[in-house]
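One chain, chain A, appears in both complexes that follow, with chain B as partner in the first and chain C in the second.
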Partner chain A sequence: MTDTTHHAAGHAADEEFDADDPRMTRFDLVREGARRDGVEIVHYEPRFPVPGTRREKRIVRSLALMFLLVGLFATAFVVIYIAWPWHYSISNDNAKWFTPILGLTLGLSLALLGVAMITWGKKLLPEEIAVQDRHDGPSDSTEAKLTGQTILNMGDELGLKRRPVLGLAALAGLAPLGAVAAAPIIGGLIKDPHTTGPKLADGQKSSILTTTGWTPTEANPGPIALTREDGTKIRPEDVSVGGQMTVFPGIPGGASNEYADSPTLLIHLRDDDAAALEATLINENKGPVEGFNWKNYVAYSKICTHAGCPASLYEQQTNILLCPCHQSQFKITNNARPIFGPATRRLPMLPLALDPEGFFVAGIVQKDGSIVPSGYTVPVGPGFWERSDKIS
Partner chain B sequence: MIAALALVGGIYAAFAPSTAASGEPVLDGAAKQGQLLYNDSCISCHGNNGQGVEGRGPSLIGVGSAAVEFQVTTGRMPATRQEAQAERKTPVFTDEQAQEIGAYIQALGGGPQLPEGTDLRGDNIAAGGELFRVNCSSCHSFGAGGGALSSGKFAPSLDESTDREMYAAMLTGPQNMPVFGDNQLSPQEKRDIIAYVQNMKAHADQGGLGIGRIGPVSEGLVIFLVGMVVLIFATLWIAGKS
Partner chain C sequence: MKKPKVDIAALPGASAREIDDRLQVATPLRRLFNKVFPDHWSFLLGEIALYSFIVLLLTGTFLALFFDPSMQEVVYNGSYVPLKGISMSRAYETTLNLSFDVRGGLIMRQMHHWAALLFMAAIVVHMLRVFFTGAFRKPRELNWIIGLSLFWLGFTEGFAGYSLPDDALSGTGLRIASAIMLSIPVVGSWVTTSLFNGEFPGQDILPRLYILHVLLVPAILLVLITVHMALLVKQKHTQWPGPGRTNHNVVGIRMFPAFSVKAGGFFMIVFGMIALLGGIFQINPIWLFGPYKAAVVSAASQPDWYVMFLDGSTRLMPPWEFRGSLFGYHYYTLPPLFWPTVVLPGILTVLPMLYPFMEARWNKDRQSHHLLQRPRDVPNRTALGAMAVSFYLVLTLSGGNDVIADKFHISLNAMTWAGRVGLLIIPPLAYYVTHRICLGLQQHDREVLAHGVETGIIKRLPDGRFMEIHQPLADVDHHGDGDGHGQLEYAGWVVPKKMNRVGALPPTERGFFRPVEDATQREDGHVPEMSAEEKHQAEILSGD
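This part shows the complex of A and B:
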């Protein structure tokens, strides 16, 4: 039945139908109301025609019980919420049941309320079968034209032709609002990341993409010490063979989120593993990584080259460093080459040296024994648009 | 575990083979008992006088009594077979016997030793918690429930770990666990970490069931399997004819 024929039928029925006819029952009015909405009630009968049967009484009793339990659990919730002797302690006492019991009482109360309502509907309400026509297909051409004209009429009513000032004002107000939506997309293109890094030791501008807390800058010319999270410096004997330690740049705020790209893993390798790594470094010819280790100690960036998670699960026998986010694995004895998972770049290596006081610093030892401060020689963390280097 | 012992023993053996070859060490009572146990149960893989057997078991020279106690009291040693990593099982030896074997290995080549006593808990639980989150949680997870490593290896749950076992594990770095020597985590810091872990384990889960305390993995599984199934049956009941 299309809308137009339906309207016509409803209109026709309206003429015959007298709502004030005293012979009509309330259900007759209900049925007529449903009919006008396109719903035909074809079957309707009470679930219990004879009142007071044993079955009906049983259902009523169980429903009543459910509602009483709803109230009981809800009351219990309120009482427990107010009166439970909760306090924090490091013991393991009954007071700890506060939250679970609150959840249990409220949960049972709500669940029973739901069950009671559905049961009422299913067991006590009359049985009813109603049929409603489905409105298929597009509206006919007359209906389409009427709707279209209605919309155009709304435009006329706004009267923008008569009041152009209003139109311009609305446009002036809405355009900046549109810019708000575009801001997250366009905003990233406004600041050039290549010039917003810290000033380097020689006064040059730097890129935030290639600098970390280890980079020697005008403010921290270095050599920058390796420190624990509390800022204390580290001596070689602080890390046992087969041990590792997370280190941060020894600059103000070096262990804070301001330098979240700088955490580094200092590893003390065994003799044969260190020899294997050294052989890899010498064979690499991939830049000045030779001499970045200090004896059997090496330091690699902890920031995974896949998505920037902290790769910090170190297996000291296999010398594999795992990233917990996407299971990338880096073989430390092969210069942190990714050997499994989505990462495609090696973890960058931090050049290690010992300062005259015997503390680890980031720098490259020269032939004459002096230390040239140096941070990572390649950018840490995930790739960005102008990086194309892959694993070798 | 074999590999764990191999690591320490291997290094030592590399530059000090003459120590082991210099003749029978003088053993005291406990070490003598330990030698008997060793010769019964360990010698087939770790060789005469703990010198290791190529391809079977590493040298135990220099691993110390702490490593022996950890491996034997947790049942990881004697190993029943070679696998990705030796797992905790019912110990073959009593704690006393484990200490005797430890004394024997200690007499052979020295190495890290555990302090006395079974209560190795510090008083500063808060500091222990901080150290746990910095040093331990990446592998053992925040709730000490353990986690996966590479190729079938895993960081075990600390649920059953005793104070001594945790202390020994930090001190010796069994299997693939890094070593946390006394210069990195002082004995006091180790005790604080143990106090934190033991308190956390004894703590009731205030939010209800902990479900292994490994976070979204187990919780998601329960929500999906239990929650979804309950909801599906609820909708069937609501929509079904009465």
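This part shows the complex of A and C:
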């Protein structure tokens, strides 16, 4: 290696370096420039010292071919982008090839360009090892001290030590100004969940956490009918034994995402399953006369009490509802109690009743046979801090 | 008319002078050209993330020209027949239009999605590289912290982007996100209601996520990436130990042209791969999922891969809900969702950020380190890393446990329990096994340094014993213990363990499908020489 000689040469050059010396090659200047940047080029060797070897020619040939292919594929991309019958329709079978061919031409063009560039760099550029000084470590101690004192002097100049009142006053002034920056963001966004729900039937404000589309309100005092997605009402005989149906509150927009917490699963249990349910029915799912179920029919909230996905996979044989998001499982014949997975609370049961015309409505049957409209009696969906009911 | 005389050949020089007169850039520019980069394949991983980010900006800008994040209800009347007449949000409609009615819109959408997946993957793999080689140590702790922030920002950005099309999957994801926010103690319901401007989903969440996705988060990402790179330039790249490489220099190639040509080529390859993926491999076919409806979900609803570990942690969480009255006043609930989706990510953010400082404290190490460590040489860190990786893998796999259960006919509940138990057992096991492997590899390195490379030649001794002849890596005489064993010092880098690595056998032939050269005889008559790098290594090994 010629390391030492280069160092020596570098030192000599410091004193008598002449950039215009005609004897110096271009690379001598490059090396000097690098040296001044703290970079020593310790090894530098052309790949092909003798021009025109077969190996060099072969590399040049394949590189040239690659660049031509880059252009070819790029041209193909543009032509296809403009000319291909791309528009999707039933009768246009060619449309489905548009995207793959675009990807193929663009991808090949770019990838080949990349390969060509790297080949150029690896096979044709001179072989080189350069060593750069890292200049790491802390700054010179004098430097650090000078900077530190300059900073401290800023404090002296402001004279806060001499005039402490000013510092306190500035702080007292600036803190509220900081609050001004936060105010529009927080103030603009903030919304109280506890008062922004719909107005209840008695005119009270309600919380969006505890109301659903089934809640009797000033606008929809109820009793609210169970409806299909298209808004038609449902009779008991519409659901076959062992069958289930997703139902929505029969109010305007009841099946839309505006009432995302209202979808409900209406299930027609078999006789023995219904008996099992009756036997385990908890007090919260009972009205003054009978349970929230109506004969063999029971309706549970479809919104998982864990993370709010629709718990809609109904295993008819085992009477289990499975939520496909995190696999919580709920036992239909036991108040939809969670029996596996991360859910902690049962799916709320919607009180069912039949209106005089024989359609399902949400309401609790009283001792006198009248129906008091009622939505879910516990909050639907995922848990939250203020949730205060103790039952699961 | 007089013809103005322009000396074309002098033009570049003249304009360079004019520019330098105004900006004085000659010195800083040359310093940049001459910046030295060390070369190793593992240094490319971060570059993939950078390049994917550029592709994301390019394709994202195209998408923004056609996408409208409005949640206003419209009736679809585009080209995709199966959805005609269905009511949906404007966001979903414009995403459909991008896929069917904008020329080249689908490939842009798919490239954007693939680039996002690649961006996150590259970040994770790059982070593993940095961790396992100790590149995060002083003075690079700040860049490690920025890198972790980039992961979480990318995570947020990806989730926002996943939510924007308002298809069935994005709506489900958003609903879970709202439940996660709801689970935060005290402020949960306020935060959720404020962000959604009322009840989930409301009318405002998509426009809000949109501005987050196209402006706020990308701007922060851009700033942090710039700082990440600026710190890299300022502190210079780490390097592997090797001949001539010390803690105080950088050995490699200069930035221009050699390094930049290779890096630029690599960018083109990454870009090309994303184009191939985006063109050929369908991703997120939202027209098959349909618009989001609160009552509809399908099995195997999986998020993008980088969210799956949190999905997994949510699935594995036992149903533990804390309820009780505070100050005997009101009855409160702490849902189980809080722990795996708020607390766990919090820990996974803070703990790694502190790790460089914790490690330095354990080792009482206040030095700056610019030489990388081989994972085997730091068994504790490597084992901790393996522990973290296995923890992550169990969670990620559990994020798809329903699919695994379905495909392999395993009980779903068994999968959940396997995940719960696995999460507790596998990481410590991974720690132990990795630690042992590291020690074993270390020992083998020392053995080769002490005894030499196995030659495969078995010798029978006069007394009937067999022994294998070892080729010592260096002359033994001046180590002088006379038994043929010289103890070489371990240099923190690969110890040659095969005969062809020490030049005693011809090097392996080059070429992928067929040899492109005869190993012993090149066409130009040269006997193949070791590269300069290998020569250095040989010199060091021979002790000269």
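Worth a mention:
Everything below uses one rule, namely that the second predicted complex is superposed on the first by the 307 of 392 C-alpha atoms of A that agree within 3 Å, B and C clash if a C-alpha of one lies under 4 Å from a C-alpha of the other, contacts with A are read in each partner's own complex, and residues count from 1 in each chain.
Please note the rule applied: contacts are C-beta pairs under 8 Å (C-beta built on N, C-alpha and C of every residue); 3 or more make two chains touch, one makes a residue touch a chain.
None of the values given here were measured: they were computed from a predicted structure.
When both complexes are overlaid on chain A, the residue A:208 reaches chain C alone and has no touch with chain B. Judged by the touch definition given at the top, the superposed model places A:344 against chain C, while chain B stays out of reach.
In the superposition on chain A, contact of A:96 is made with chain B only, not with chain C.
Residue contacts after overlaying the shared chain place A:108 against chain C, while chain B stays out of touching range.
When the two structures are aligned on the shared chain, A:170 is found in touch with neither chain B nor chain C. Within the superposed three-chain model, A:237 lies in touch with chain B and out of touch with chain C [touch as defined at top].
Residue contacts after overlaying the shared chain place A:275 against neither chain B nor chain C. By the touch criterion defined above, A:160 reaches neither chain B nor chain C.
Applying the stated contact rule after C-alpha superposition, one finds that A:317 touches chain B and leaves chain C untouched. Shared contact residues on chain A (touching chain B in one structure, chain C in the other): 90, 98-100, 103, 118, 122, 229, 246, 310, 312-313, 324, 340.
Looking at the complex, you find that chain B touches chain A at residues 3-4, 6-8, 10-11, 14, 125, 134-135, 138-139, 147, 149-151, 153, 155, 173, 175-181, 183-184, 199, 202-208, 237-238, 242.
Residue ranges of chain C in contact with chain A, taken from their complex: 30-31, 34-36, 73, 79-81, 100-101, 103-104, 106-107, 110-111, 139, 171-172, 175-176, 178-180, 182-190, 192-195, 197-201, 235-236, 244, 247-254, 257-258, 261-262, 264-280, 292-301, 311, 314-321, 323, 330-337, 340, 368, 370, 401-402, 412-413, 416, 522-524, 531-533.
On the side of chain A, the complex with chain C involves touching residues 33-34, 37, 39, 41-43, 45, 53-55, 81, 86-90, 98-104, 106-122, 125, 127-134, 136-137, 189-194, 196, 208-209, 229, 246, 248, 255-257, 259-263, 302-303, 306-310, 312-313, 324-328, 338, 340-345, 381-390, 392.
Contact residues on chain A toward chain B in their complex (touch as defined above): 90, 92, 96-100, 103, 118, 122-123, 229, 235, 237-246, 270-272, 310, 312-318, 320, 322, 324, 329, 340.
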